[in-house]
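Each of the next two complexes has chain A plus one other chain: chain B in the first, chain C in the second.
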Partner chain A sequence: MINFQRIVRRREFTVLVLILILSAIFSFTTERFLSVSNITNLLLQLSGVAITAIGMTMVIITGGIDVSAGSTLGMACVVSGYLLMGGYSPFLALVLAVLVGLGIGFVNGAIIVWGDVPPIIATLGMMNLIRALMFQTLGGRWISGIPPACRTIGLGKWLGVPIPMWIATFLIIVFSYFLSYRPLGRHIYAVGNNPEAARVSGVNLKSTIIFVYALTGALAGFAGLINAARTGIVQTNSGMGFELDVIAAVVLGGTSALGGRGTIIGSLLGAFLVGIIKNGMVLLNVPALSEGLVIGALIIISVLADIIRARRETR
Partner chain B sequence: METTILECREISKSFGGVRALKKVDFSLRQGEVHALVGENGAGKSTLIRIISGALLPDEGEIWYGGQKVEITSPRLAQGMGISAVYQDPLIYPYLSVVENIFLGREIKTPRGNIDWKRQEEKAQELFASLNIAPHFLRQPMGELSVGLQQLVLIAKALAYESQVIIFDEPTAILTEHEAERLFQIIETLREQGVGIIYISHRLEEIFQIADRVTVMRDGEVVGDYPLSAVNREMIVELMAGKHLVEEIEHGGEKSEQPVLVVKNLTKKGKFEDISFEAFQGEILAFSGLVGSGRTDVAQAIFGIISPDSGEIYYRGEKFKVHSPRHAMEQGIAYLPEDRKSQGLFPILSVSYNITVSILRQITNHLGIVNTRKEREIAEKYVKELSIRTPGLEAKVFSLSGGNQQKVVLAKWLGVNPRILILDEPTRGIDVAAKAEVHQMIAQLVERGIVVIIISSELPEVLKLADRVIVMHEGKITGVFEGEDISSTNLVRAATGERVLPGKSD
Partner chain C sequence: MKRDIWDTIIGNRVFFLSLLFVILFILLSFTVPGFLNLYNLTNMTQYGVELGLLALAEALVILSGGGGIDLSVGSMMSLVAIVIGVLIGRVGLSPSLAVVIGMLTGLAAGLFNGLLVSVGKILPLIVTLAGMYIYRSLALIIAVDPQFGPNPMPVSNFSKSFYFIGQYRIGGIPFQVLFIFVPVLLILHFLLSRTAWGRKLYGVGSNETAATFSGIDVSRVRLTVYALSGLLSALAAWVITSRIASARPDIGTGYELQAITIAVLGGISIQGGEGTVGGVLLSVAIITMLNNGLQLAGIHQIWQLGALGLVLIGSVLLNQFLIRRRKI
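Up next, the complex of A and B:
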């Protein structure tokens, strides 16, 4: 039997209702919201966030954070942009973009685990460092005019849905399964809820933490390739602020900032919520300032709700 | 005769149905060093927490300076002139000594700024009254030795013009030299008319500095004597008391060869020269006071801390343990003393908590966890240990303490251990659950698991153990078997007397 009360009380349900309400409002107040081109655009924009949010969800479940995801995406854009322009196969670009992200994520994890550096500090340093490297590489110029033949992965459609969204969906299913059914995936929750008990229970803390950062890096790298292929342009500020959208999606989607709980599906819904708010406000011609106001307020409310719940439980 | 400064009348306190204090009377005179002794759980700390305002009594009265008072917070107690110096000094390591002394009670200029000059002068005075030359006033507190940190806290107590100072195991962390200095300071304080409550497990110290001693046992005062009227033996007898315990019989048969042999295991500052053997078919208990190093020895065997020297032999072979995971793979399990910090994942489900350690053993060839098997295992242990829970998916924090403990136990039984180390297995759980856990332990021995228990509760040790090793300040001070397992023997060894048969020095 389905327990409706339990479903209603979940964060995912609240977010879904919010999405439906906002969609309804935007489709009545604007003409373009429900148009095919707008929805395609919306899905394209949020697919990168959704893909990276898979890793970020795991990072935040362990009680950490990764603010270097935007720079990582940017660096992957640069690498794949050069390769695509140079006539190399899109497949090679894909592999290298993912590898670059993986490398950055691994270094993040290593600094956190072996250096005992707080995640926010380690990844903040990495964020600046990678951004500076990007600037160095591009030398103040930008890449444009990536040949259309290489851009299928960013622009193509299948059954009317953009390919990046198909990729995001596939990865979300795979990694949701991973979190529920693989020992390593399950251990991520243990590490987040009580690291000391996890260690005593035989969980390898260090490799678990390195894994989640490396995965987040790799996924941000993948999103970088998609981004380069979609827009056809790579600039020094590519991916700037992207990490904030990803973190917002994860936190709104119910992953506890205190660690120990969260789902990837929740983060997908969070990504939709953030995407729809941004998209709708542009269509309504609301100044960009209020967008931050709404998303910021939502983040604070959702974290407060999380903390109030935790307080009630420990009592 | 000096006047009585503090008097507790018929103080009672319960925690969740367990009576921690039963109509306790306690009085302290001016200029008196009054020692408070008793086993772990005798109620000493509950009493001093009530006196220092950290706890409120359920019943009874406190009289202070001739008036009936209610001490509702530590801050209020300090303001009234009651200060406590705890075993681990509570300090702000990055702030200077002067700041540590005056924090929250700063001396201010008329404009409300901190008057650094006067604070420093006042600090000088305070240390002078303790006969200490304070060359360290501007240093960060964390750079001082623990002995000096303690002195700063005493100075802080004097800054509050304390009439009563409580010392909780003050010498446990001090070198011999530092302890001597402390005794001189206590002597000075006594001459100034301060009343001192002195808690220590080192009975020889008490004979050195105290005027009076109150002995507590099971939440009651069992004796209040001038030091001149008692000797060590009497105090030990009073602390140990008569425990009516029904021993639990188990059908385990002791193996010929030991399963675990520990030789000269040493970890600096934790334990020293620990040697013992553990056999199949018997319950080996580690007794002694909290902080005597028993937990550290267990954690060294389980790979949580790595010893400096010494050897461990397991199933006849030399055994070097790298990590808890390695120990587990080799069949050693450890139920930690503090289930909240080391045992449980409170916001995760009962089923998750039980199976977290064995997920890798129930995966198929693709590395996917077999969830049906997982549910079966969780169900099996919930039934076997009669864990009372609304369901396998219930979050563990919603269970009672006893059932939470059973969940942790289930996790360790799940790994099918050869050796099971149980650190304070019944701490903080109710009487019924405790009896169940004891029965379970007996069954485990029958099944052939080598059981090692660490327990601070004498009745528990008397009830369960076939052999007892007593530790005191990191060393083994007693080994008892059969008839020799008596509360008096255990207390003697736990308070530092060496009671090693044929090994005395």
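Up next, the complex of A and C:
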């Protein structure tokens, strides 16, 4: 028998209910919310967040954070933008975008592990360094007019659903399985719950941590390629603030910033929640300015709710 | 013997920073034209004030430990700047009243952060990240002038009396250095090194459990620190709006990174409980000088942030290296 109480108590359930309520409100109050073009648009926009959130979920489960994801996405945009403009195959652009992201993520992990530098410091520094390098590579110009033939990965559809969303779905399934059933996946939870106990029981702390940052970088790089292909434009500020959307999605999805708890599905739902709020506010003509207010308040409310619930359960 | 000398040089933070300052000063004097003259040197100090105030805010928060960090200082600065701007420029309040309300706004924002951290027991990183979103968004909303459509607008019609703090000088020394930065620095130095509150702060930062058992109200110390951070950000907002004669809702963007970098470079241990105001002062001087040098040399502003990123990682690496060495 299914234990309904357990399902209802999960964060994922609460977020799902919130998404349904908001969708209902938006579809009654606006005409365009349920239109095909709007939903396609919504899915396109949140697929990048959903893909990067896979890695960020693991980073936060280990008790860390990666604020350089936006810059990493931007750098991958630059690299793939140049390659696509230069007439190279989109596949090469994909490989290099992922490699650039992987490299940045690996450096993050290496600084954190071998230099014993707190994750917020390492990735904050990296965020600005990469942004400056991006500026240097672009030389103050921007890339536009990527040939339409190369933009399938960002704009194409299959069975009516945008290709980026298919990719996100595929990656989410693979990594959810990985996180729940593979040894390395379980190690990630162990490191977040109790690093000392994990170390004693034979988990390689250092390589686990480097792995999660490298993976986040690689996924942000992948999202960068999709972003460049979708928008067709790369600027110095591409991906600025993207990391906040990803972190918001992960935290809203129930991953505890104290480490040790969280699921990728939760983060996907979090990404949907953030995406729907942004989308609905645009449709309702609420100024985009209050977006930050709503997302910030939601983060605080959801974390507070968790803490209050935890206190009640321990009593 | 040789190793001992190196240890004292790197191990004594104030000495190390002084040395770095002197080396950078000489380097910039020789390589950057226009750097070494009295006007540039006194002029430069005014740019250091806003950064310095935010760095001190960050230093206090990080000192209090428990993962203490304030990512919202830049957004609080934006919020207060636009509150002051709108009150003077659109509502027509007198500058002094507007500034007082601005300070209270900053204090309130800081208190909100502090309550969530100390009473709500949420991680500072999450609280101030959410705070960053919220205050930035509020600043943008307040900046909207319905007369001119739905977009946030900067305010710049101030009366002349508002400019005294940011643009006047005595004997070449900018007002904001003399009447804001130096007093704040002295007060904080006194608080941290000479008062019971300062000892409590170090105690809470270095060992929370021990502090609790010795009867220190940990929550209250942390609450105060975040509130002070809001107040210092508000002061920075006042100074910068007066200096550039304009209140922009995005004025604080990116300042949090610089503030954290300066605090950490100044020897504030990211784990809390270690560091001094003097170290932060030296670090402010170094970063201000570096920014000024890069600017005079015509290097794009984005590289100031890039260089800061490097300095940030480098200085923490050095800190951790020293801690490890001490343990051996």
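Keep this in mind: the second predicted complex is superposed on the first by the 305 of 315 C-alpha atoms of A that agree within 3 Å, B and C clash if a C-alpha of one lies under 4 Å from a C-alpha of the other, contacts with A are read in each partner's own complex, and residues count from 1 in each chain.
In the analysis below, a contact is a pair of C-beta atoms (placed from the backbone, for glycine too) under 8 Å apart; a residue touches a chain by one contact, two chains touch by 3 or more.
Since we're looking at a predicted model, the values are computed, not measured.
In the superposed model, A:A197 lies in contact with chain B only, and not with chain C. Ranking chain B and chain C by residues of chain A touched puts C first. By the touch criterion stated above, A:L34 is placed in contact with neither chain B nor chain C.
Shared-chain residue A:P183: touches chain B; no touch with chain C.
No residue of chain A contacts both chain B in one complex and chain C in the other. Interface residues of chain A, counted against chain B in their complex, comprise 181-183, 186-187, 189-190, 193-194, 196-204, 260-261, 310, 313-314.
For chain C in complex with chain A, the touching residues are 69, 116, 120-123, 125-127, 129-134, 136-138, 140-141, 144, 150, 152, 257, 260-261, 264, 270, 300, 302-303, 305-313, 316-317, 320, 324.
Listing the residues of chain B that touch chain A in their complex gives 302, 304, 323-325, 328-329, 334, 336, 341-348, 352, 356-357, 359-360, 363, 367-369, 371, 395, 397-398, 411, 415.
Residues 65, 111, 115-118, 120-122, 124-129, 131-133, 135-136, 140, 236, 244, 247-248, 251, 257-258, 287, 289-293, 295-297, 299-300, 303-304, 307 of chain A touch chain C in their complex.
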